[in-house]
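In the two complexes below, chain A is the common chain; its partner is chain B in one and chain C in the other.
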Partner chain A sequence: MPPFELNTDISNRRDLQSSDLTPYDALYLGNPYCRDYEANFLERVDELAEAIRQVKGAGRRAYVTTYAAPRNSFLDQIRRVLEVAEREGADAVEAHNLGVLRICRTECPGLPVFVGGFANVYTDVGARVLLDSGARRLTPNYELSLEEIGLLARNTGAEVELLVHGKMPLGISDYCFLLEYEKAWGIPCPSLCQQDLYLRQGDWAMKSVGKGVLSGRDVCMLEHLPALWAAGYRTFRLTALSERPAYRAEVGAVYRAALTGAAAGGGAFPEAWWEVIRRHSRIGLCNGFYFGQSGQAYVPARQEVGA
Partner chain B sequence: MSERQWRGELLAPGGSVAMVEAAVANGADAIYVGPRGWSRRRDAYELGDEEIHQCLEVAHAGSARLRAAFNTHPQSSEVPALLRKVERLAGLGIDGLIMTDVGCIAEVSRRFPGIPIHASIGANILNNEDIRFYREIGVTQVVADTKLTLRELSSRKHDLEVGIEILVHANKCYTYLGKCWMSPYHRFERAVDEFGKDLFRGSPNRGGLDYRVCLEAWSLYSGETRWEEQVALKNDAFFLVDDIPKLLDLGVHCLKVQGREYPVELVGGMIRFYREMIDAYLTDRTTFSLPAWKARLAGLRVERDRERTQGTQALLDEARLPVLATPGGCSR
Partner chain C sequence: MPMVTLSPPILLAPAGSPEAAAAALAAGADAIYVGLKGWSRGGGRGELTAEELRGVLAEAARHRRTVQVACNTIPKPAERAFLIERVAEVAAWGVAGVIVNDLGLLSAIRRRLPALPVTASIGCGALSWADAAFYEAAGATCVVFPAVLGPEEVAVVRRHTRLQIEVMIHMVEEFILLGRCLMPSYLRLQPRPLPDAPGDGQRLLGSVKRGGAGVCSRVCQQPWRLEKEGEVWGDGIFPSRQFSRVADLPAYLAAGVDVLKLQGRSLPAEAVYALTRRYREGLDAALRGDPVAAAPAPLPAHWTAVGR
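What follows is the complex of A and B.
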């Protein structure tokens, strides 16, 4: 087993079949944004069961995510998903909602639960409440700086997962404004949100996935991995829900190599890696909020890029 | 149903001592204020301890309750200061708190068991299991998300031992409230006040102002091709005038009006309107005429919309300003 976990996320069987999983130790299955997302694992429990078996059969850990903003009407389906996850031996379920965390605790206590990035874990005392409620791993809110995350981790002893690459969530809605253009564009749901669409205004950009709004720039912590490693972080997510399989494979390979290097005490970042990162980033790179700045800012590490 | 049978309250915003006076004078049952640095508004609309003390005297003299809104997520390192602040306000006689952070709620509930805690709309409580979770950590009332339907709300009342608070005069964001980071993604300024509290300017979840960047004139592109020149991420004002009779019949515990940033006269007028409408319905449902009340609201609505539009433009302009206070690093 490697001394770290690099994981990613996949929405449906099509993406799972066409994705090279080599770089990853674990996969989150399902799309948390929308129940109508094309062939969402969270709505097709037979395919979810098959996917869990496939991922585990490939020697990887299978996690099942759940919806980021579940209303009462979602809960029956979430319970079906949890039942499948438990039956098929999923390694964990990701809860973005405290009600779902409660369901896990009370109805399937044997199933490990990770608390996801939409659950608004901002403070150490908040993390403690969630750990006491059964959470095994936490993704702090994306708005937290590394300084704050470090304090939270030290004060609670929680296993923390960090988003290290990909488009960071900026919002979730119950309403898909893309549906207003379904007729005009001649593109129906559920293909609408897969058109690689960006909201732009001057030099600002955000990616739209219908009910979800993502950062236009890709969060990129590549050159900061040695610092993250030194700080004790071992669980990293490369989020690629709205990306093509090539993104998942190629950017994942770069991060796999970089983390392997960081684990061995190395800190080199060949130019070829940056070429891959740049090729897959349409708008540019940012660090999210990790350095206490506006989320779209990019802070370089002290090393020269490509050194 | 008579007036005595509705045990709920009309909750008003208190962005200043004068606004609290106006709210009480115009019939609010309760008012919420933001302790400076700790609530989901610009610091100009928050109050210091002495002002909150004055507000308490005004509210209690008018038989109204005063709540303090700690409706944001602080830093872990700020939690002790938050608890000290709560202790001070408890000493002043605050009637309740409105809170967001699940950990802070649990801590305050444990240390100050006598203070009612309401979970803020920023807690984004969307389903009955959510409500049960918050109930278990000490919350006695929850603010319903603006996207929930009357049917969803009515399903809650009967089997959940918790009060429901409804915004009747507010704006409905494109995103779920408490699950939006668009504003700080574009501009986020770390500024610490004289008490050491980080104001997190640009982050509504953390206490700073929201630049409302969702309301920019966004174009929609696929690659380098512009598909739509202007798209709108819906952010509509909503006024639940039509639903207020049903909400009263349903027995919701609190009808809330937002607007700490509006002029005092406008807030006073808004509260007077809702007070009189509620009382008219409760006094005699047979003669209650909804169209007349909707017509009366129209004037207030125009004034309120004008204030909001001006405020939004100022915020969008501010969002383009360079960030001055930034801890370390540079941007590129």
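What follows is the complex of A and C.
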């Protein structure tokens, strides 16, 4: 087993079959934004079961995500998903929502629960409540700086997962505004949200996935990986829900190599890696909020603070 | 229509100033909620100084009404003890409860002040009975749901929890769910010292969730272009929905709602009066079993929280 985990996320069987998963130790299965997302594993439990078996059969850990903002009417489907996850031996379920965390712990106590980035883990005392509620791993809110995350981790001993590359979630809605464009564009749901659409104004750009808004720029912590490693982080996520399979494979390979290097004490970042990163980043790069600045800022490693 | 026999819910009105508080009380609010300067989300839209809060508490006491204080910010660890002692201080003045948007702060206040009612605010993002069950187990006394949850969904929640159920029955729902929005801080995040807080106490302007004075830059209300590979496919602003559930009051009562909340700490006193009066009359009619007329459509701009 490698001394770290690099994971990513996949929404449906088509993406799973067409993605090279070689760089990854674990996969989150399902799309947490929308029930109507094309062939979402969270709505097709037979395909979810098959995917869990496939991922585990390939020697990787299979996690199942859940809806980030579920209404009452979602909960029975979430229960069906949990039942499949438990039956098929999924390694964990990701809960972005406190109600879902509670259902997991009360109805599937044997299934480890990870708390996802939409659950608003902001402080050590909040993290402590979630750990006491049965959470095994936490993704702190993306707004936290590395300094704040470090404090949270030290004060709780929690296993923390960090988003190290990809589009950072910026919000989730109860409804899809892209549906307003169905007729005008002649593109029906569920193809609408897969159009690689960016909301732009002046110097800002955000990616729209219908019910969700993502950062326009890709979070990139490549050159900061040695610092993250030195700080004790071992679980890293590359978000790729809205990306093509090539992104998942090629950017994942760069991070796999960089993390392997960081684990060995190295810190070289060949230009070829940056070419891959740049090729897949349509709007540019940022560090999210890790350095206490606006989420779309990029801080080079030599200027980093608080890591 | 049959008479409603359930306990009447509390009509909870907003007050961003002493004048607005007086207007809400005069219009028939059972309770009002206010923000304490520096410690509530969107504080620039209306927070009270400690002195103003004491005055409002005295005024409410004269009317035999109650006051809740919004502490819907997320203090950094260094600020937490300071804020909790401020909460203890205002609780001793006769505040009926506090409203929080962070699980950690809820937990810390519950430990320090076990008898103080604590509401999990709309910023906590509760949308289901399971969320209510979580917050009940975490020690909340009340949980707030947005008006997007109709009476049928509230009835489902009621069957699963003994927690007080509060519905913000008059509100603007922005496109991104409250408590789940990082768009302003993605674009601009400006730390600013927090007056009278210890250590590195600071508000993070741009962080909707963490709160402070003037936090939200309202990115969602700025026009954008929707582009695909450089080609413009559309333009506009994010959609928002105005909810005015006055006509649904009988159904919410039947569903077992405990608190009916009105959004609008940024509203001027006269608008608070008109808004509160409208819902007071509606609620009284519903409690008598009389029909409740729907709110005029479209609503006057001054009735909305953001004027659009």
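Keep this in mind: the second predicted complex is superposed on the first by the 302 of 307 C-alpha atoms of A that agree within 3 Å, B and C clash if a C-alpha of one lies under 4 Å from a C-alpha of the other, contacts with A are read in each partner's own complex, and residues count from 1 in each chain.
Keep this in mind: a residue touches a chain if its C-beta (ideal position, glycine included) is under 8 Å from a C-beta of that chain, and two chains touch if they have at least 3 such contacts.
All of these numbers come straight from a predicted model, not from anything done at the bench.
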item	value
Fit or clash between chain C and chain B when superposed on chain A	clash
First (chain B), second (chain C), both or neither touched by A:S294	both
Touched partner set for A:D196, first chain B, second chain C, both or neither	both
Partner chain(s) touched by A:T22 [first = chain B, second = chain C, both, neither]	neither
Partner chain(s) touched by A:P70 [first = chain B, second = chain C, both, neither]	both
Residues of chain A contacting chain B in one complex and chain C in the other	68-72, 74-75, 97-103, 118, 120, 122-130, 133, 141-143, 148, 151, 155, 168-174, 177, 181, 185, 195-201, 204, 206, 208, 213, 215, 289, 292-296
Partner chain B, residues of chain A touching it in the complex	68-72, 74-75, 97-103, 118, 120, 122-130, 133, 141-143, 145, 148, 151-152, 155, 168-175, 177, 181, 185, 195-201, 204, 206, 208, 213, 215, 282, 289, 291-300
For the chain C and chain A complex, residues of the former touching the latter	74-77, 80, 102-105, 107-108, 124-135, 137-138, 148-149, 153, 156-157, 173, 175-177, 179-183, 185-189, 191, 206-207, 209-210, 219, 222-229, 233-234, 238-239
Chain C-touching residues of chain A, taken from the complex the two chains share	68-72, 74-75, 97-103, 118, 120, 122-130, 133, 141-143, 148, 151, 155, 168-174, 177, 180-181, 184-185, 195-201, 204, 206, 208, 213, 215, 289, 292-296
Complex contacts: residues of chain B adjacent to chain A	73-77, 79, 100-104, 106-107, 123-124, 126-134, 136-137, 147-148, 152, 155, 174-176, 178-182, 184-188, 190, 202-203, 205-206, 213-214, 216-223, 227-228, 231-234, 323, 326-332
